[in-house]
Structures are given as structure tokens and as C-alpha cells.
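What follows is subunit A paired twice: with subunit B in the first complex and subunit C in the second.
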Partner chain A sequence: MLSDNYTDLLKYFSIAIEEVVHTMAGFEISASKDPSFFLRDDSPRISGLMLLPSSKNAILSITVSLESASILVSYMTGIPVDELKEEDLYDGVIELVNMIAGRAKSLLIDTTHSFGLTAPFAIYGRDYELVLKKNVSNLSKKYVSGDLEIGFGIFFM
Partner chain B sequence: MIKRILIVDDSPIIHNLLRKTLENNGYEVCGDAKNGKEGVELFNTLSPDLVFMDITMPIMDGLEAAKNIKQTSPNARIIMLSAMGDDEIMAQAKEIGIDIFLKKPFDDYKIVSALSKII
Partner chain C sequence: MKILSVDDSSIVRKIIRGAAEVLQYDLLEASDGSEALEILKSNAKDIELILLDWNMPGMNGYDFLKKVKSHPDYKKIPVMMVTTESEKENIVKAIQAGASHYMTKPFSIEELIKRILECLGKGES
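== the complex of A and B ==
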């Protein structure tokens, strides 16, 4: 079980994700009451990921459905949803995870939590899940705004 | 006279985002580069009024590219973009002579505000 110290970490990452999504796409997101980290359906999804090297290495993950990615990227860029290409969606999710990690790092600067940033990347597919070994600690939450769903997780290696 | 802006970033999304804001506010995007090396080449060809430069890029990063540009064009105006913004990077940027360091995420207001301070 993670200590209160890591619950504190979740608080700052939550601020970062809410701020980034609001600033870049204009959506006010809030934590879902649904405790499940996983998205509602099994439609194709994109996960943006970044390794966070630290004394306790972790992986940051943001997962959205293709539909949510389209909405977010359309609002970010002004390009209509039906004109977006797949690579626009991957790039958008990658850029979001990059900004969330960077913003969280800034917010955590005066705390005991310190981590590096690495090159973000994305995985895409239908019906995949991130599967953890039993003893992997994680912080996870789902954020929503209307039909928009964002699965967020930090998985400690 | 319309101000001409060069965007240097490896993310097409950032290009689209900046282009939307800049064009909506009466600026002209005169060029797009995907890495620092391309950015330096386009700067020399296009002589823009200002450059938006990302830091983390392949082939040549933004700090290196900015240094290159400033060596040949000391009066070049550069706004640095970064999701990181740690003290060391900002200190390096200041030493190079970067005008403004803009941390991501940024909205239209921050972009236009930064521009109006310089050009």
C-alpha cells in the first residue's frame, strides 16, 4: 500500500492533468466517481506513456478512446474531427502526456518528489489493458467531462 | 506590416495549435521546421521576425539551434517552448539570449501576450 506521501503525489498530478486539459483543449475535467481506472468500453484507444526515472522509477500513462482523442485534438488545434489523421491523434496524446509530466514536475519542485522526464510515446489498439504484476504499486484515476474519459495512472516499477 | 513567424517543433500538433492562434491574431506563419537543424536553415532563408522554438527535438535541439541563430543574427527574436522549464535549461536559454521562455501548456492569451512583449 502506498504511503500518504504518494497520495500527495497523486494530488499534484491531478492538478497537472486538469490544468493541461483545460488550457490546451478548454475542458473542465473532474475525477470520476467510478473507481475503475479502465475506460468504459473496448473501442480503440490510445495510451500516451512516459518513463519517469527516479529513486522509485515509474511509468506515467494517459489512456483515451479514439473518440475522446479526436475531440481533444480537435479542440487543441481547431482542425475539425473529420479532418484529423491518425497521426494527429497519436501526436496529440503524446503531447498531452509530455505537458502533464512537465507541469507535475514543476508543481512538485518544492516537495520530496523528484523525477526525470524522458521521451513520451504512444501505443494504440483495441481491447488492450495495462496488466500489472501483483506487487506493483500504482496511483490511478479516471477523469471525465461529459462523454470525454481519460484514464490516468502512475505505475511504480 | 504583418509580422512573420517561424515555428520550430517536432510535434505537428504544436505547429497546428500555434498556427491557429497566430493566424487568428493577424500574424503570418512563414515557415515550419521539425528539428533544430531545419529551423536554423529556414531562419537563414526566411529571415522571420520571430521564432517559436521547442527545446527537445531530434537531430539538433532547440538550445543548440537558438545558439546557432544568435551567433549569426544576434538580434533574432526567439521564444523558447518547453514542457519542462527546469532552472538549468532556463539559465542556458538566458545565457544564449532567448527573449521569452514559454512553458507548456499555453493558451492563446499566453502566446499573444508573449508575442506582444517582443514584436
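== the complex of A and C ==
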């Protein structure tokens, strides 16, 4: 069970992800009522990740389908979906997780939470899941906007 | 008329390219400070603005900024930091090192265009 502190942390990360997606791609996303972190289907997906070093280290993750990544990156760059290359999608998701971490860090400046930023990276594949060991604390939510789905999670080490 | 974008994210450079095209500037791109220094060697006279990320592999933005601001041929080129680093001490550090403007990510294309115009002395401060 997470302490109130970590629940509070989720609030700031939620603000960060909503702000970043809206500012960069123009989408108003909202937390899905579906409590599952995982995407609806087993289509190819990209996860952007960043290690957040802190007194309690964590990994920040966002996961989107290839289709959602294409939509997001197209809106971010103004490049039509059919002109985007795969590396554009990986880089786009990586940059989104970079911005989310950076924005959350700035929102948390006057709180007791602080963490460093590290080099973000992405993994890509089909039908993979992030599997946690028992009792690993985590905060996770799914965000949606129309057909767009973003799985968001913070996993404490 | 040219703008130099220094960022390890090709997506950020693509976004900046969109803004540069709106403003009818050519965009030169580098993925880190070392690459940017090479570009400056043969293009410095034409570059009116450098948009600079902070955290990059290889030579990071801060180290690149210090080199640019200590070089007689480059030091007058205005530099705007475009970065996720938002802590006051980092902003102060960059300004003290010679950055004339600072913009944090995320940013809208409209904000980017507005800030570029300010850097070029063509917009409202």
C-alpha cells in the first residue's frame, strides 16, 4: 500500500503528463476509468523509460501503441503520419518521457520529493508487459483521448 | 539567414525546423556540442541564433555554451537554451555563461516562434 506521499507524487506526475501531451501534441488527455495500466490489445508498442535517481529510486515509463505514437509524433512535428520513420516514433516517445520527467521535477521543486534526470530510452516490441516483483510499489494509470491510449507508470526500486 | 539547433533529439530538431521554416530561416542541426562546433567552423558568419539543449551525450550544452562564448568568432551569436532543466540555479548558470534566453520544454510551436523572434530582436520582450 502506498503512503500518502506517493499518492501525492502521482498528482504531480499526472499534471506533468497532461501538460506535456497537451502542449506538444495538442491532445487533452484524461485518466481512464479502466484501472489496468496495460494497453487494450497486443499490437506493437513503444515504451519510453527513464531512471529517476532519488532517495527511493524509481523508473518512469510511458507506453503507447505504434499507432498512438504515430499520431502523437505527427502532431508534435507537423509531419504526416505516412512520412514518419520508425526512429521518429522511438525518438518521439523518448522525448515525451524526457519532458514529462523534467516537468514533474519542476512541479515538485517546493515539495519533499526530488529526483535526478537521466538519459531516457525506449523499448519496442509486440505483446510485452512490464512485470514487477511482488511488493514493488508502483503508481500507474492509463490516459486516453479518443483512440489515443498512454500507459503511464512509476515503479519504485 | 541560419539558425543552429543543437539537440540530441531528432524530434525536437524537427519541431524547431518547422518553426524556422515559418520564419524563413535555414536550419542547421547538430546532435551534440562537438558536432555543433564543427558546423560553426564553416557557418558562423551566417548563423543568427543557436538553440541549445542542455543534456546531450558527448559534449553537453553547458560545455558547448562556454566554448562558444569564449571564442572570438562565435561569442556574439545569441544562444537560447531549450531544455528540460528548469531549476533556478541552472538557469542562472546558463545566463552567467552567456545564454541570452532560456526556454524550458515542453513548449508549443507558437511559443517557440515567439521566443525565436525575441532572440532575433524582432519580437516583444
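As a convention for this text, the second predicted complex is superposed on the first by the 157 of 157 C-alpha atoms of A that agree within 3 Å, B and C clash if a C-alpha of one lies under 4 Å from a C-alpha of the other, contacts with A are read in each partner's own complex, and residues count from 1 in each chain.
As a working rule, a contact is a pair of C-beta atoms (placed from the backbone, for glycine too) under 8 Å apart; a residue touches a chain by one contact, two chains touch by 3 or more.
No experiment lies behind these values; they were computed from the predicted model shown.
J.: Contact-wise, after the overlay, does A:104 reach subunit B, subunit C, both or neither (first, second, both, neither)?
T.: In the superposed model, A:104 contacts neither subunit B nor subunit C.
J.: Contacts for A:92 in the overlay, against subunit B (first) and subunit C (second): which applies, first, second, both or neither?
T.: both
J.: Using the superposition on chain A described above, determine whether A:9 touches subunit B (first), subunit C (second), both, or neither.
T.: neither
J.: State whether A:29 touches subunit B only (first), subunit C only (second), both chains, or neither.
T.: Neither partner.
J.: Touching subunit B and also subunit C: which subunit A residues?
T.: The overlap between the subunit B and subunit C interfaces on subunit A comprises residues 19-20, 23-24, 73, 76-79, 87-88, 91-92, 94-95, 98-99, 101-103, 105-106, 117, 119.
J.: Would you tell me which residues of subunit B are touching subunit A in their complex?
T.: 11-14, 16-17, 20, 56, 82-86, 103-107
J.: What residues of subunit C sit close enough to touch subunit A in their complex?
T.: Counting only subunit C, the residues touching subunit A are 9-12, 14-15, 18, 55, 57, 83-87, 104-109.
J.: Okay, in this complex, where on subunit A does subunit C touch?
T.: By the definition above, subunit A touches subunit C via 19-20, 23-24, 73, 76-79, 87-88, 91-92, 94-95, 98-99, 101-103, 105-106, 109, 117, 119.
J.: Could you please specify the touching residues of subunit A with respect to subunit B in the complex?
T.: Contacts found on subunit A: 19-20, 23-24, 73, 76-79, 87-88, 91-92, 94-95, 98-99, 101-103, 105-106, 117, 119.
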